[in-house]
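Here it is, the structure, as structure tokens.
In this document, chain identifiers A, B, C, D and E correspond to the written order of the chains, with residue numbering beginning at 1 in each.
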Amino acid sequence: MRRPWLIVLVVVWALLPWVLGRHHVDLLVFAAIYTIAGLGVGLLLGHCGIVTLAQSVFYAMGAYASAIITVNLKLPASLGFVVGMIASGVIALALGWPVLRLTGFFLAVATLALAMIANALFFEWDWLTGGTVGIGAIPKLGLFGFVLDTPLTFYYFAWVVAAIAMLLVHNLVAGRTGLAMRGMRDSLDAARVLAIDVHGLRVTIFVVCAVLGGVSGSLFAHYTGYVSVASFTIDKAILFLLIPVLGGAASIPGVVVGALFITFVPELLSKLGDFHGIVFGLALIVVVIAAPHGIVGTIRQWRKRALDESTATPGEANK
Amino acid sequence: MLEIGGLDAGYGRLTVLHDVAFRIGDGEIVALVGANGAGKTTLVRALCGLIAPTAGRIIKDAFDVTRVPTHERMRTGIAVVLENRRLWGELTVRENLRLAEVNARQGGKVNFTLADVTRLFPIIAERQSSAVELLSGGEQQMVAIARALLMQPDLLIMDEPSTGLAPKIVKEILGVIRGLRDRGISLLLVEQNVGIASEIADRGYVMALGRIVHEIVPGGWQSFLSDERMVKAYLGD
Amino acid sequence: MTAPALDVRGIGHAFGGLTVLTNVSFEVPAGRIVGLIGPNGSGKSTLFNILNGFLVPQSGSVMMAGNDTRAMSVEARSRVGMVRTFQTPRVFEHLSVQDNIMVGACKLTRSGALSNMLSLPRARRDLALMREVAEAVIERFGLQRLREVPAAKLTSGQRRMLELARAYAGKPQLLLLDEPSSGLNTAEVEALGKWLQTFNDEGMTLLLVSHDMQLMNIASVVNVLYFGEIIASGPMAEMQRNPRVREVYLGM
Amino acid sequence: MARRWMGTPARALAVSAVCALFTTTLFTHTPSHAQQATGEPIKIGAILAITGPGAGLGVPTRNGVLLAEKAVNAAGGVRGRPIKVIIEDDASNPDNARTKANALVHNEKVVGLIGPSQVAQIVAAGAITDPLKLPHIVPAGLSVPVERDRKCVYHVLPPQDLNARALMEYAANAMKIKRVGVLHDSGYGNVVMGALKAISSSYPGIEFVAIEKFEIGATDVTTQAAKVRASNPEAVMVIATSGTPFRAVKQVRIEVPVIAAIGSSSYEYVKAMGESADNVIIPEFLVGEDPLPDQKAFVEMYRKEYNLTPKNFEAAGWDLVQFMVAALKATPADAKPAEICEWLRRPHKGVLADYDFRDADLTGMKLTSFVYSKLIKGQYTRLPFRVSK
Amino acid sequence: MFSSLVVQAILSGVTNGVIYALIGMGIAVIYKGSGVINAAQGEFSLIGAVVAVFAMKAAGFSYPIAFIAGAVFGILLGIVVDVVLVRPMVRRKADEDAFLLLTIGIAFAISAGVLFFAGRDYFTLPSIGSDGVAIVFDATIRYHAIWVIVACAAIVAALRFFYRKTSFGLAMMAASIDADGAATTGINVAAMRTATYGMGGLLGALAGLLVAPIVPISYYMGLVLTLKGFCAAMIGGLTNPMGAIVGGIILGLVESLAIVFIASAYKDVVAFSVLLVIMILVPQGILGRRGRKGG
């Protein structure tokens, strides 16, 4: 049943940049980059019930790794990706191990503190990161001798990477680990009793999330060709959190919808000038109150309810 | 005093109580007995308004309180000692009682003063400025009853007052409870332990699976307890 | 002579100034059904939490098949075969009945996040195994009709069944059951007793906490906990004749 | 397309109305109708930090840009066609700057780009314009090496080493002192500080006796200021984009002169400095209270429009538009972007300073262009000191 | 010379610490009263200060009246947040994370609202007392800062009195400790939660009003204030509003001593690291109380 949809989707996706203006292709590239980082945050939020505000740290690490490897060390870009992923993963492991013993609010705030510390260090270690001045002239990515130097080519590349990330996350969620994660989210105690290593699992997913953040950051660095601390502020961490929240944390299409929302809606609202911030804040409030499962989650619920009502036996339908 | 009819209630989609009906007369002590999970606590919560019934009516003194919110319902002369007492552990004994005093029913026929409850439970005077959580279970139960009495109720509902208490304390508390009738207070005693219930209640209802399955008439406790079949249905023995 | 499945030695525990358990000792011999009864608030839940590792006792020790559990986490105890249920069933509300049971079977497999992500043969094999086990358990517990229903929509009786089935899927050697019959009707309790009996016949050791005297009859030994102390132990029939137990517990 | 929600004069009016709220006297402006340009407007893109932390730079620049747009159109536009500056807000975010630049260049097909206001954003937007050789002028100084490789991104404020030299010139030649303490933030301040260190060998008589850094957005830096004070400097340089360090300097009773970098010259920061603004010396370009002869006309026009005194960023905004328009006027209507860009590569006389866009630093500003001012009761006073070559 | 530097660090640390404490108290009051971490507490301060500034500048009220107007506005804001936004969430039994996201949304909206309606200016209020500084061992502290410390002590005393000695305060505590127990003692639990938010709004506004003469307030500063306030509350123990005072002063001192003994640029790194370590090692905070579990 899903296949025809998928084919239509792929065709639309392939044709889209030819129809849209350059500006919108540009936004779509960012949507792809944000989708990858958002997938990680969505994994934590939707399947483990963990709010992380530290994704900007790993995004930054990916970006800096790519920038330093290619610009300062003049090494191939692929190495930048690998180093970014490994660095993000290792740091996530080291930080996650102690911090993920916390839960709820406290964990969210602890990740926020991590983001603040990292941001201060990005400024401070300007011998490494370039600080405010940043690192420029990051080379364009080359793929089999083909240089990705236009938004159009990068659009295809970034979305293919995003699709691979989605596939991997889908596998993870559908497999043994996914079941264990969702069990843990619903009842920590029951999961522990069933021999699910709750802490180890949380750390593992935190690392997965960080690695996705790293990949996303590397892509960002190569796309814009320039990185500086201005791109890795706390606003970015909040933005990465909003992506799964708005779209629907537990669903992969939800993350894509969230990423599209976050790239296109502020763009549309920016015509309102200073007023757009108010609208954006209110939109967030409305989503949290009225659509707790995000846009995609809420649509699914409606569909399901409609289905339930048409098929269920009387007495079972009403909730 | 209290009349309940056709009450259905539960949590979310889960209906626990089915068509519950009973009444408590003026000055009566009525016991509600039943096994664990029979729905006794759910009934208490419905009577207090902590959960909203999906059907049925709760009439207090000819006044329909089914939809009256808990805090206002308590001013119609109902007071309750909930399961696990639900005191405010960080606050002192005095502070716990003071909150009952300031929120009590005005103009009811019952009038309990702090001195009255201290006479009933001298421990209150002794421990009045210690935090409630530092008290023993029995002492806490006494504070909980005192708090309920200071609400000036003419109907007192008690959910498992004997839970986790030593028999000696239970006896002491039961003695006090029995004496409340003389102050014009009707009592609904919810108990798992039939022995305790039979000691002080005039009448009783037996609850199972969310329904009232048996009524014990005045003087009927002995025959109930000696009826193997009945006890078996209840104790499963 | 094998070591008992569970050997509880001199457990004492207090919360703040409130003593909950004092010097509790008893044994659960391997392959037996042992009961634990006592009035509400007598410390059964605390004891249960200590046994499975949620709480660290302030004194005393718990030996599991001859090994000290002091350094073992909840998960570690479960991995070597100790699974418990909860007084109010803790099912995974957002998961279907089948998925709940599959989570219970997780401990039979080992594949990690990476092999799952890459959907390696190993991960697929594990998932297939879990599904197979879940299928068998569903059949055994007669849950076919509820397979796809989210656990949140189950009645309390069904939740109990699901929790039991989920625990069973992990093939535990020692099952701790906390009030498994509460919320069940008489017929269901009877069925439950039969289940537990069969589990025991298959070699599973059971520790049963319940108020349900009917269910307690399947236990070979019953320990009576009263105010943090074991006041009596022996076969149920004997306990029902024991005057002290009659007084404090049965209230007669 | 009704995408601009207000026409330019209406918008200027709205801005002045908002400003009037703060200055209490309401100013009404009647636009002149003389030789208004007509026809399809020529679109110039502008990306400025209208919101976010960079707004202290972007908003004054916008006012200068809007004034210039209006003046150009009142004077007949370009070849009889009006110009239209499409202003986009990057919210002080480089990612936004990039997408906005793409939108302006590829969707709006602007003939040139103005802004953004801050380093990272400029580099990000430059990555779009430079490959196309689209004329691009920014209201900031060159501070990143990568900008040097871009041949069509011109700057109308001094590069950071020039800013650093301007600070050092005052200490070395006007005050003739040896011991200097520095209090700087970790963003803008850090960049200028780097330049200060790099050029310090040119001023061998001056020693940095204390260099204290604080993070952007800090609300209290008295301890850092106390550390600077403890080193007994003869003057303190404050390099920051907030009023906070100035308040701290005042509070810990640093009584030696304070020299501030141009970044804190806007009235917004002066307001945030409160009383501690007194006696702060700033090497800058435009002292609205006492303009140089060439600047008088602009200052008066600005006052008339907004009833406010302009500062450096307002003048920079004005100059940007004027240079862009000059290039458009001087090149044929069908000129390729590269031709316009190439035309710009020449000396320009601006309100703010004299430029030479042929220079390697893409501004060609000289130390001699700096004027030095001192804040007295919230007013800038021009000092007699100037660097002589 | 060095000792005066340490004295200066201590004075600055205490001044900042008291500011953090004021925000932290508001966070702790709301957390204790409703179990929600209010990420918009700093924005409450923002609103309080901005309302007072406009009451003085635009409406021409005197300073004391403007001050009161700011405080009252804070209370109203808190009440509106509870009634309009928190209530529907409580009704659908939203989880912790949802509340956190809700308050983040509120923070966004308020910050953007201040920007839109009041502009990007830095707002200051007149100092209490004089604008000058007191000199202690060659170090300085602003007279206003001394007043802030006094005011903070007074607020602590008033809070203590309110929560322990007045029936209303006791009822608010009772409703938060055990809602069922409170409802059956005739206390309107929902109204008490609204009052809690009003109290949080008041404390937030007071913090803003007291801080504005020291730190010029601008629309974007809410987040910084919230973060530092949360650290203060967390270090002191979230369930004890008085702990925020201790936590705030510890945080302020750690920050300013880090400037003297480590390096000023690492101030935030040190402060947030301390927070992390405390959260992991002493999760209930220094003055917090451990909730009894099990039994």
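What we mean here is this: contacts are C-beta pairs under 8 Å (C-beta built on N, C-alpha and C of every residue); 3 or more make two chains touch, one makes a residue touch a chain.
Predicted model only: the values in this text are computed from it and were never measured.
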Remotest chain, chain D as reference, centres from CA atoms: B
Most widely separated chain from chain E, with each centre as the mean of CA atoms: C
Chain centre separation (chain C, chain E; CA means) in Å: 46
Separation of chain D from chain E, taking each centre as the mean of its C-alpha atoms, in whole Å: 37
Whole-Å gap separating chain A and chain C, where each centre is the average of the chain's CA atoms: 40
Junction residues of chain D - those touching two or more other chains: 51, 186, 215
Touching two or more other chains - residues of chain C: 16, 18, 54
Residues of chain E engaged with two or more neighbouring chains: 115, 265, 268, 292
Partner chain B, residues of chain C touching it in the complex: 16-18, 39-42, 153, 155-156, 179, 182-186, 189, 211-215, 227, 240, 247-248, 250-252
Contact set on chain B toward chain C in their complex: 13-14, 35-37, 133-134, 136-137, 160, 163-167, 192-196, 209, 225, 235-237
Residue ranges of chain A touching chain D (in the complex, touch as defined): 21-23, 26-27, 30, 120, 123-124, 126, 131-134, 136-137, 151, 220, 224-226, 228-231, 235, 267, 270-271, 273-274, 277
Chain D residues within the chain A interface of the complex: 3, 5, 50-51, 88-89, 91-95, 98-99, 102-103, 105-107, 118-121, 123-124, 127, 143-147, 149, 186-188, 190-191, 194, 215-216
Residues of chain E that touch chain D when the two form their complex: 1-2, 4-5, 8-9, 11-13, 15-16, 19, 58, 115, 119-122, 124, 131, 133, 135, 139-140, 142, 214-216, 218, 220-221, 224, 256, 259-260, 263-265, 267-268
